[in-house]
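Per-chain numbering from 1; labels A, B, C, D, E and F assigned in written order.
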Amino acid sequence: MSLISGFQNLWSSTGLANFTWGQAIMIAVSLVLIYLAIRKQFEPLLLLPIGFGGLLSNIPVAGIADANGFLGLIYGFGIATGLFPLLIFIGIGAMTDFGPMIANPKTALLGAAAQLGIFATLLGALALNGHLGLSFDLKDAASIGIIGGADGPTAIFLASRLSPQLLGSIAVAAYSYMALVPIIQPPIMRFLTTKKERAVQMKQLRNVTKREKIVFPLSTLGICTLLIPDATPLIGAFMFGNLVRECGVVDRLSKTIQGSMIDIVTILLGLSVGTKLAADKFLHAETIGILVLGFLAFSFGTAAGVILGKIMNRFSRDPINPLIGAAGVSAVPMAARVVNKVGLESNPDNYLLMHAMGPNVSGVIGSAVAAGVLLALLS
Amino acid sequence: MLSDGLWLMVIGMSVVFIFLGLLVKAIDATSMILRKLPGAGSGDVPSSGGKTRPAARGKEEIAVIMASLADRSRKGS
Amino acid sequence: MSLISGFQNLWSSTGLANFTWGQAIMIAVSLVLIYLAIRKQFEPLLLLPIGFGGLLSNIPVAGIADANGFLGLIYGFGIATGLFPLLIFIGIGAMTDFGPMIANPKTALLGAAAQLGIFATLLGALALNGHLGLSFDLKDAASIGIIGGADGPTAIFLASRLSPQLLGSIAVAAYSYMALVPIIQPPIMRFLTTKKERAVQMKQLRNVTKREKIVFPLSTLGICTLLIPDATPLIGAFMFGNLVRECGVVDRLSKTIQGSMIDIVTILLGLSVGTKLAADKFLHAETIGILVLGFLAFSFGTAAGVILGKIMNRFSRDPINPLIGAAGVSAVPMAARVVNKVGLESNPDNYLLMHAMGPNVSGVIGSAVAAGVLLALLS
Amino acid sequence: MLSDGLWLMVIGMSVVFIFLGLLVKAIDATSMILRKLPGAGSGDVPSSGGKTRPAARGKEEIAVIMASLADRSRKGS
Amino acid sequence: MSLISGFQNLWSSTGLANFTWGQAIMIAVSLVLIYLAIRKQFEPLLLLPIGFGGLLSNIPVAGIADANGFLGLIYGFGIATGLFPLLIFIGIGAMTDFGPMIANPKTALLGAAAQLGIFATLLGALALNGHLGLSFDLKDAASIGIIGGADGPTAIFLASRLSPQLLGSIAVAAYSYMALVPIIQPPIMRFLTTKKERAVQMKQLRNVTKREKIVFPLSTLGICTLLIPDATPLIGAFMFGNLVRECGVVDRLSKTIQGSMIDIVTILLGLSVGTKLAADKFLHAETIGILVLGFLAFSFGTAAGVILGKIMNRFSRDPINPLIGAAGVSAVPMAARVVNKVGLESNPDNYLLMHAMGPNVSGVIGSAVAAGVLLALLS
Amino acid sequence: MLSDGLWLMVIGMSVVFIFLGLLVKAIDATSMILRKLPGAGSGDVPSSGGKTRPAARGKEEIAVIMASLADRSRKGS
């Protein structure tokens, strides 16, 4: 090795000598995600690691997203196997209080209606197929639709199974639109309701006993087992976390699950989802389509929830404020807070937060069930 | 393929509604059974369900709840 | 796909259409474990995850316990390799204070005597072989015997090596009987001792210096290395955790080991041990045999400890209360508390707790050594 | 096979007793050597061994110890 | 199996019957490491686990360091893949405050000069090759040189890639000499400087804004991407941790990274690096050579930093105390504290600590860049 | 092989100096740009950079800093 050949070898291994346009663009995209995470606080817990993972995955030569690269290895271990999204679901279960939903269970149906966003978007993706140079098969359409579930782990779990090549744009769309819920939802909510409907006051929620909260995760898993076993990894992980939370005899596990366990998995999941932002995996016409469709998914879900809310309000004995239907898309607890805020505009004494938590958490279950149906029929 | 998608929608929404409908029934049944069970009234602490009575609450209490929700940074669900 | 065929596909993938009787029974068994964990506080840190893992593993279609299923993957990673029980042993080491044993080392021999439960049960299993439709080979008998060690991680480690197909019932038996120690032990203790023996007061324990506590884990590992290297993974992990605890220079590691590390591993270990509660792996005549034999194991161990206690009391210069021999089965710290309680019945001023901790912790070492002997001769 | 089990028992119990017997000797030897070593008396803090003097303790102190043991939920060993 | 044959089998599996001289020696070496960690507080967080891993890896029969052994498995999972050192780098990034370096950036060049230790030692290793029975190829020489970087994770990452067979002695040398920095550096620092130079007072550091601290990790990664992509796994992990720390929107992740995540990885990394202390992997003439060369590496790095400090002091507008150049070897924050102490000897009012932190943290970057160059040209 | 090592040294040290030299320029450029950006003066909190003014500090403050550094047990870097 001479000095010249050494420098030549080195030059040929620099980023400058190996950059592709695609990588440059994706680095810019990743920086935008990081900017949104930090400056606009767009779901920073996820979008910061995803964005940084995107940066690392678009570095030429380094091969960090390759199967044997730093992040490729983590992806293979935790995302390709489905392990990380399920561990995160355990954590979310341990953080979720189903009290408001148990206190007024029929509001759970609003979380069912909001899943229409998933299937409407699925249809939309199929309608786009063959147009504008886009090509989506049924599995792709299902993975895109799940963005409307507004649940990150569910979206990552389903997409990693049905359409891993679209995982990057799906995860980015899901978390970005979740962050945009305060901007996307209010106009739709105001458009579909009258001022009088928005001012409806709901009955105070009843007390929920510890026992009811302990039985709840078990009966949910039971129904899931009988009806749609393909959803049991998601629902099972979710309900395990919730049982750990509510049972009262393993508080140290509950604390660790909600703390260091979910944090560590979030970091590893975020960074390794970022590998799907590598230029060759992300820069397709399909990505634009996915972003547009994801936006529609959130809008449709919101509308369906609000409309069912209006119908239920008409036929229910106790009044139901239709706004809380919008919380059925999940995006916990952001969507419920949006409901509270829009409700206060029409009636400054009307605190809908707790009432909106019912559809909000039932929407998480609804999306996991929808994912189970799609897995059962398409995989 | 579009018709496949339509079927998926009908089937999927049906299952989601059946699932959550059954869950509503299960919750109602549970609360009824537990109320009739011995010891339900005495031994059972009304737990954090106590937190679920906001309708009559003042602005200050809500502010506290919302702040605590903000803390529960929920990682995208 | 038509609507009809879609619903047919879906129906054929429901739990309702695929349930087996075995799965239904095992779901009931898992629910009983969860009930015992929550309501009776039977070792809830382990039995709750094991029970929930059992639920998930008996869901038809979902295949959660399969090699590529959610829990099957974790099992392959952490139990089949032996990793999780050893990491738990590091945590237990960091939680164990050997001070009482170092202060009165001859009580460690009581922890040796109690291991008779292991070998008596091994004999019992062999005696049952060929009767009542039961079939146990030497490895199975050894794995069943180790239940008598009353140490969960040791039992899981040995069974996963010698008889993985029995792991489910062995783990369930081990943790259940540990929880039942306050019910199983006292009658045996009272039957084998006179009231006068139970009232024996022991000499106050001497001070133990920090240096002695630091040397202890190293000399224990040294003896193990010379005598029975096959026990060094277990003893080594245990003593590493203890050295981290006692050395005083890595307190942040000690805190993490006792906190989030052991918690995370416990959750993953419990859930994945639950995969062995899948109907096809659990529902054999052998399981009943294992439960009966496990009960005998605890009883024999207790008796052997108490009897050696009586003998040592007769020949020792300083008085030894024979009750503390019962703590030699381990089940730390439950068995030591049982000793304290039974002792107080005969002499309300006689606090045996600290004296019982000596045999209690030496019983952990004794069981690991016994497991090493079985591994050396049978694997 | 039953005789194999008997040998296993004899061998196993022997090794366990030899092991813990040697450990007793090692502990005694350690404490003797450390007591003779320079600085053993002064530099060494009597550590948590101070906790190991319960015989004369009152009921209150024991209650505290037992409560702390209860906290140390020991995960099945 | 008869009793006799049983005891024979057992005897043939004891450590006593299988010990080799090499294992006995390496157990003694491991005990020395543990002694130094506990008694002399030589980097105990790493040297205690490494030493204990060394104990376990030299136990005959047990095979704990084998590919399927307890520690061999962890090694394969975390070190052979490079995962653990990178996760530790994320943790170190989250613990590092680059404020002092951003406030006075030209001091970063001192951290460049100190890397001369790496390359001088590389030359030294090549010069020794063929003499005294030592045999080092270019990759070995590079791995030995990196000891001079005084960064454990960088050394382990590079050695595991270029010369895994030397990893044990390289890791031991790196951490041991880091612990010896207060003994190795001061004589060199005093020899190369006049009392007047050592008494130089530096200008108060300016304020650094939050924004500057957020931009810093991103621009560092950008330069690395353009110049030397092979260093991006190390620099990327380091800068990710630092961005998580500084961005202010993911404080819970930052806390977990600095706490339980780095602790858990440290334990697993330390124990599994200990597998390279197995007699057959450690007891070569090369090990002695590595220890001697590692000492030289630290000395050369210190000298180069101090000499550049003298030069910069002469030509800089604002005075620069040459002592802070010694901190450029990294060994954060030990080397910076040594600078502060030596500075106080000459001028009791001269607190150099913060000024020394600039070269100190830039030395971490410098070593990672040097490792990248070596990887690019040699792997 | 020794000459290979020499080239490695020349190349390696060059890259390290170029890298950190560019970094110095980048830091200077960043601070200049940020100072000119709107909101830089007002919105920006002077953050923990406030900690980086030790030259004039008394011994007590330094002691506190060093103690906090000692806490930050840095795992060998």
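As a convention for this text, a residue touches a chain if its C-beta (ideal position, glycine included) is under 8 Å from a C-beta of that chain, and two chains touch if they have at least 3 such contacts.
Just so it is clear, the structure is predicted and the values come from calculations on it, not from any experiment.
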| item | value |
| --- | --- |
| Path length in steps (a step moves to a chain that is touched) from chain B to chain F | 2 |
| Given chain C and chain D, the chains that contact each of them | E |
| Selected from B-C, C-D or D-E, interface repeating E-F by over half of its contact pairs | C-D |
| Pair exhibiting more inter-chain C-beta contacts, B-C or A-E | A-E |
| Rounded Å distance, chain A centre to chain C centre (Cα mean) | 40 |
| Distance from chain B to chain A - Cα centre to Cα centre, in angstrom | 19 |
| Chain A-chain F separation of Cα centroids, rounded to whole Å | 38 |
| For chain B, residues that touch 2 or more chains besides their own | 4, 8, 11, 15, 73 |
| Shared-contact residues (touching 2 or more other chains) in chain E | 1, 6, 10, 45, 227-228, 252, 259-260, 266, 373, 377 |
| Chain-to-chain touches, reported pairwise for every pair that qualifies | A-B, A-C, A-E, A-F, B-C, C-D, C-E, D-E, E-F |
| Chain D - residues contacting chain C, complex | 1-2, 4-6, 8-9, 11-13, 15-24, 26-28, 30-31, 34, 40, 44-57, 62, 65-66, 69, 72-77 |
| Residue ranges of chain E touching chain C (in the complex, touch as defined) | 1, 6, 9-10, 13-16, 18, 27, 31, 34, 37-38, 41, 44-45, 48-49, 52, 55-56, 59-62, 64, 68-70, 73-74, 259-260, 263-264, 266-267, 271 |
| Residues of chain E that touch chain D when the two form their complex | 1-3, 6-7, 10 |
| Chain F-facing residues of chain E, complex | 43, 45-46, 88-89, 91-92, 95, 97, 99-103, 105-106, 108-109, 111-112, 115-116, 118-120, 122-123, 126-127, 129, 137-138, 141-142, 150-154, 174-175, 178, 201-213, 215-216, 219-220, 222-224, 227-228, 262, 266, 330-333, 336-337, 340, 351, 353-355, 362, 364-366, 369-370, 373-374, 377 |
| Contacting residues of chain D [partner chain E, same complex] | 4, 7-8, 10-11, 15 |
